[in-house]
Amino acid sequence: MLGFGMVRAMSDQTQSPVTLGVRDLSARRGGRTIFEGLSFELQNSQSMAVVGPNGSGKSTLLRILAGLLRSETGTIQIDPDDRGAICFAGHRDGLKGALTVHENLRFWANLYGAAEPAVEHAVGRMALETVLDMPADMLSAGWRRRAGLARLALGTASIWILDEPYTALDTENVARIDTLLSTHVESGGIALLATHQAPGFTPTQRIDMADYRAKVPEGPEMDW
Amino acid sequence: MHLPIQHVFLKLAAIIQPWAAGLCILCFLFGLPIALLFSPPDYQQGDTVRIMYIHVPAAWMGLFCYGVMAAGSASYLIWRHPVANMVAKASAPIGAMFTALCLLTGMLWGEPMWGTPWVWDARLTSMLVLFFLYLGYMALGDAFDSPEQGDKAAAILALVGSVNLPIIKFSVDWWNSLHQPSIFSMAGVSVDTAMLPPLFLMVGAFQLYYVVVVLMRVRAQVLTAKIRAARLMRAA
Amino acid sequence: MNTFFILVGRDLRLSVRHRADTVMVAGFFAITVILFPFGIGPEPGVLERVGAGILWVTALLASLLSLDHLFSDDEQDGALDLLLTSPAAPTVVVAAKIIAHWLTTGLPLTLLAPVLGITLQMPSSSAAPMMTALLIGTPTLSLIGAVGAALTLGARRRGILMPLVVLPLYIPILIFGVGAIDTTGMGFDAGGLFAVLGGFLLIAAALCPWAAAAALKIASE
Amino acid sequence: MLGFGMVRAMSDQTQSPVTLGVRDLSARRGGRTIFEGLSFELQNSQSMAVVGPNGSGKSTLLRILAGLLRSETGTIQIDPDDRGAICFAGHRDGLKGALTVHENLRFWANLYGAAEPAVEHAVGRMALETVLDMPADMLSAGWRRRAGLARLALGTASIWILDEPYTALDTENVARIDTLLSTHVESGGIALLATHQAPGFTPTQRIDMADYRAKVPEGPEMDW
Amino acid sequence: MNTFFILVGRDLRLSVRHRADTVMVAGFFAITVILFPFGIGPEPGVLERVGAGILWVTALLASLLSLDHLFSDDEQDGALDLLLTSPAAPTVVVAAKIIAHWLTTGLPLTLLAPVLGITLQMPSSSAAPMMTALLIGTPTLSLIGAVGAALTLGARRRGILMPLVVLPLYIPILIFGVGAIDTTGMGFDAGGLFAVLGGFLLIAAALCPWAAAAALKIASE
């Protein structure tokens, strides 16, 4: 197996430390504070499910951690602190419909600095062999999602941040993602996932965004 | 489904093709020498007039092929006739070739006659537009992931583009053009009658060439379709 | 008919509110009018000579470029599927989009034409024929362009296909449009040319919505 | 309540007949036959879950029924046969990000010929009151989905065709869609839904696309 | 640096394969060259006089219009998020996109310029200065345009904002670019004008990728 743990293990024998911690985070969007006072810390081999009703700020939190949004207040500590330590997968999969699945995947592999065997490995993990030469926009919703998530299996990032990864997947593929996640976590990685479905593997932690809802009235008051 | 029609077509094609090919060669054998060597030079243009024997048939064929293409596309869209579509598709590259030939010989002719190979004149441009329409038809047909989608889109384009035909035809009357008006008009024939036999021989040669090549291309398409169907059946 | 206005209203609202390329058109004209004198130099004779041509070419380019998004925006976000399964007939949907497109491209250009003409140093007497020609000609551009946009919707290399498909059909309008303006400018009667433009419009109006709707159905497959 | 059944009941007292039947349907996409030999019939108050693994042709089937794709062979019988009898909701919700939720919804209501009270009713059913004046692209994924599905609650269509309606919804909203569906079906409508999740209401029928898979090999053989 | 080429390669591949507007550029030039003589009329003197202007204005419009999609395609399908969270630094992402944009717009125009020049009946002696001016000037257009595209990414009424933001910065290049061609054409030495164009390029290359990357981060919020 050539997951993240393997790569690390090959390079320095001991498990390198991975940390993702936030303290007293709050976020503001569209002129309204979405959540506040959020703190947690994840170390090697820990994972966290981010749950909460629609609009409670799961995606917002994940995007902040991925560096795509700025938080209002609070501190974020990420270790290793280099670009590429984090692999983010959002609602939209970023596949280019005009490129084949293989071309899409190879692009990300090159960008993440993963070698060709890693691509093959990822293809195997996600069972994408039969659709490799199809343009991505000819895929069904679930296959497309799977092709998008294959990026994770390249095994270069130590922190996975996944926003509703199970969308559109059938049971077999939900299980596939679960296996992917637990292998990653077991081999020392960190995973955060926002989901409305109970994942098939058990995250070590769980955060309910409803608990951090900001104490301002919702609705028409917002001043965007 | 449509195999019977295609079958009839294949049979007919097999009969027509050798005759057309033989006649075509005959027309070229007689037409080319007469046109290029033995016909009288023009009293104004001298020997450059011989370009006419290529230029004019090529121009007519360019228009004719588009006509066939549009008619074929229409019957494909209306009656879903696969052979009609195949004829339309087969006509496109031939028509594009004749159109290009007309443009090239026209430019060659224009150099001595008008002092410039190209002017942005209505007749010339609408002919260039015809060439682009051919290209567009072929490009559009190839641009879809599913072949049927491409065929249908291209067929619609062929129909829409057919409005260009009258524009080409009448451009010399609508705009004051550098280009010669029609040889044949209500007023009668406007060239020396000695020029007509070689001209008609060349027109016949081009026309027969078209028939031969179209039949060849359509046969190839029918056979490819058969092979594909057979492959799918075997795979199933 | 009611459906028709609902659809037109939506597209207009979107093009006003949205980050749409259609709004770009007014900007596009302004640019052209600013850029050409810069690029060509301020010599009055030259600018005046090419004014009608510049206006028409701008109209063509603006039309072509904004048409690229006529259906593809709705296709991207799934709205096209919903429109095609709605009670509105595809031809009505297409016709509404064409009208909305013209209202946001052709019409502004027509209305701005006199101003642009002045900036391009055209004689003020050319304003009337210019506006008339554009008023008759630009709807035809939208109509023909919609067919091109629908035909190339699902296609690969669409960027290059659109011009290839649409421009050949635009050229006659360009010729007659410029001809009508210039002929009137030279003091001749251009009634015939306007009539031809009108004829094009009628033919296009009769054919294009159906052709585009048919193409759209093919593309959605 | 102003659902479809209500409207019908008001107009002609008796339940008007609604039918959706297909016989021996097969579909081809990208040069490959996706499924074949599919037949079923739904009458008033019947509903059907379309299940099957990713890529088995659920979306293809629903799009064919909605009139967006053509089937390869087979016949489809839909009654009432007028445009607008079917309401389709696919993977993508067709909301215009630049328009507010209210504007989006009102547009569809106008197009479907629903009156203003129907819009209010739909807003109520989907609990969209607080976001009515928000531009749709400021919504979270779940809210967006909900705003998209509010189209159903306008109550004009008798046949609902839904492709994975539960995507991105939290449990509360999944239940909301379930209620919507069961009310619709109880009041005489027909509903088809493709989903990987078990719906909270029980469809009267169920079709597994895996049973209709065409007997041609997948993968490189396709001739697109 | 390797990352850079991977990113450039992807954008090039997309613009060749894709339904992208970038490929449109070659078509756009062809159109311009076909349309302008039509619109302006075939009189050689006039066309020759305005040739350089038409070429430059075309370059500006092509640049402006294709820039509209420089980031927005990737933003629409989520790829921009992934690029910004990837190991590639935002500045590198932006720089790669700018290069790819130039390779698909500025470069083709530069290479086609002599041909276009002939069709616009410009003297063949103008080919060399024309190509030089475009070679120095068009990268600056892509650089400046990228900043505009990034700045307006999340904005409403983006279609109208882009030209407003970008064009004022384009005009100097237009003026000097046309000036360089025309001055050489009149037999004078245009070294100074070329130097100014070069200076613009250096300044833009030094500033624009950073500015655009910063703008992009803001837009992604």
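In order of appearance the chains are A, B, C, D and E, and numbering begins at 1 in each one.
Operating definition for what follows: a contact is a pair of C-beta atoms (placed from the backbone, for glycine too) under 8 Å apart; a residue touches a chain by one contact, two chains touch by 3 or more.
As the structure is a computational prediction, the values presented were derived from the model and not from experiment.
Visitor: Figure out the least number of contact steps between chain A and chain C, where 1 means they touch directly.
Guide: The fewest steps needed to get from chain A to chain C is 2.
Visitor: Using mean Cα positions, find the chain sitting nearest the overall protein centre.
Guide: Of all chains shown, the one whose C-alpha centroid lies nearest the global centroid is C.
Visitor: Looking at CA centres, what chain is most distant from chain D?
Guide: Relative to chain D, the chain whose C-alpha centre sits farthest away is B.
Visitor: If you average the CA coordinates per chain, which chain's centre is most distant from that of chain C?
Guide: Result for the farthest chain: A.
Visitor: For chain A and chain B, what's the span in angstrom between their mean Cα positions?
Guide: Going by mean C-alpha positions, chain A sits 59 Å from chain B.
Visitor: Averaging only over C-alpha atoms, locate the centres of chain C and chain E and give their separation in whole Å.
Guide: 24
Visitor: Based only on mean CA positions, could you tell me how far chain A sits from chain D in angstrom?
Guide: Inter-chain centre distance comes to 30 Å.
Visitor: Could you work out how far the Cα centre of chain B sits from that of chain D, in whole Å?
Guide: About 50 Å, centre to centre.
Visitor: Taking each residue of chain D in turn, which ones touch at least two of the other chains?
Guide: 29-30, 91, 98, 224 - these are the residues of chain D that touch more than one other chain.
Visitor: Note the residues in chain B that touch 2 or more other chains, in rising order.
Guide: Residues 125, 145-146 of chain B each touch two or more of the other chains.
Visitor: Which chain E residues reach two or more other chains?
Guide: 17-19, 34, 38, 41, 156
Visitor: Under the definition above, what is the set of chain C residues touching chain D in their complex?
Guide: Listed in rising order, the residues are 3, 6-7, 10, 13-14, 17-19, 74, 77-89, 220-221.
Visitor: Under the stated contact criterion, what part of chain E meets chain C in this complex?
Guide: 17-24, 26-28, 30-32, 34-36, 38-41, 46, 49-50, 52-54, 56-57, 60-61, 64-65, 68, 76, 155-160, 162-164, 167, 171, 174-175, 178, 182
Visitor: Would you tell me which residues of chain A are touching chain E in their complex?
Guide: It is residues 63, 66-70, 82-84, 86-99, 103, 107-108, 110-113, 151 of chain A that touch chain E.
Visitor: Which positions of chain C touch chain B when the two form their complex?
Guide: Touching chain B from chain C are residues 144, 147, 151-152, 154-158, 160-161, 164-165, 167-169, 171-172, 175, 179, 196, 203, 207-208, 211, 214-215, 218-219, 221.
Visitor: Show which residues of chain B lie in contact with chain C when the two form their complex.
Guide: The touching residues are 77, 122, 125-126, 129-130, 132-133, 135-136, 139-140, 143-146, 149-150, 152-153, 156-157, 159-161, 163-164, 167, 174-175.
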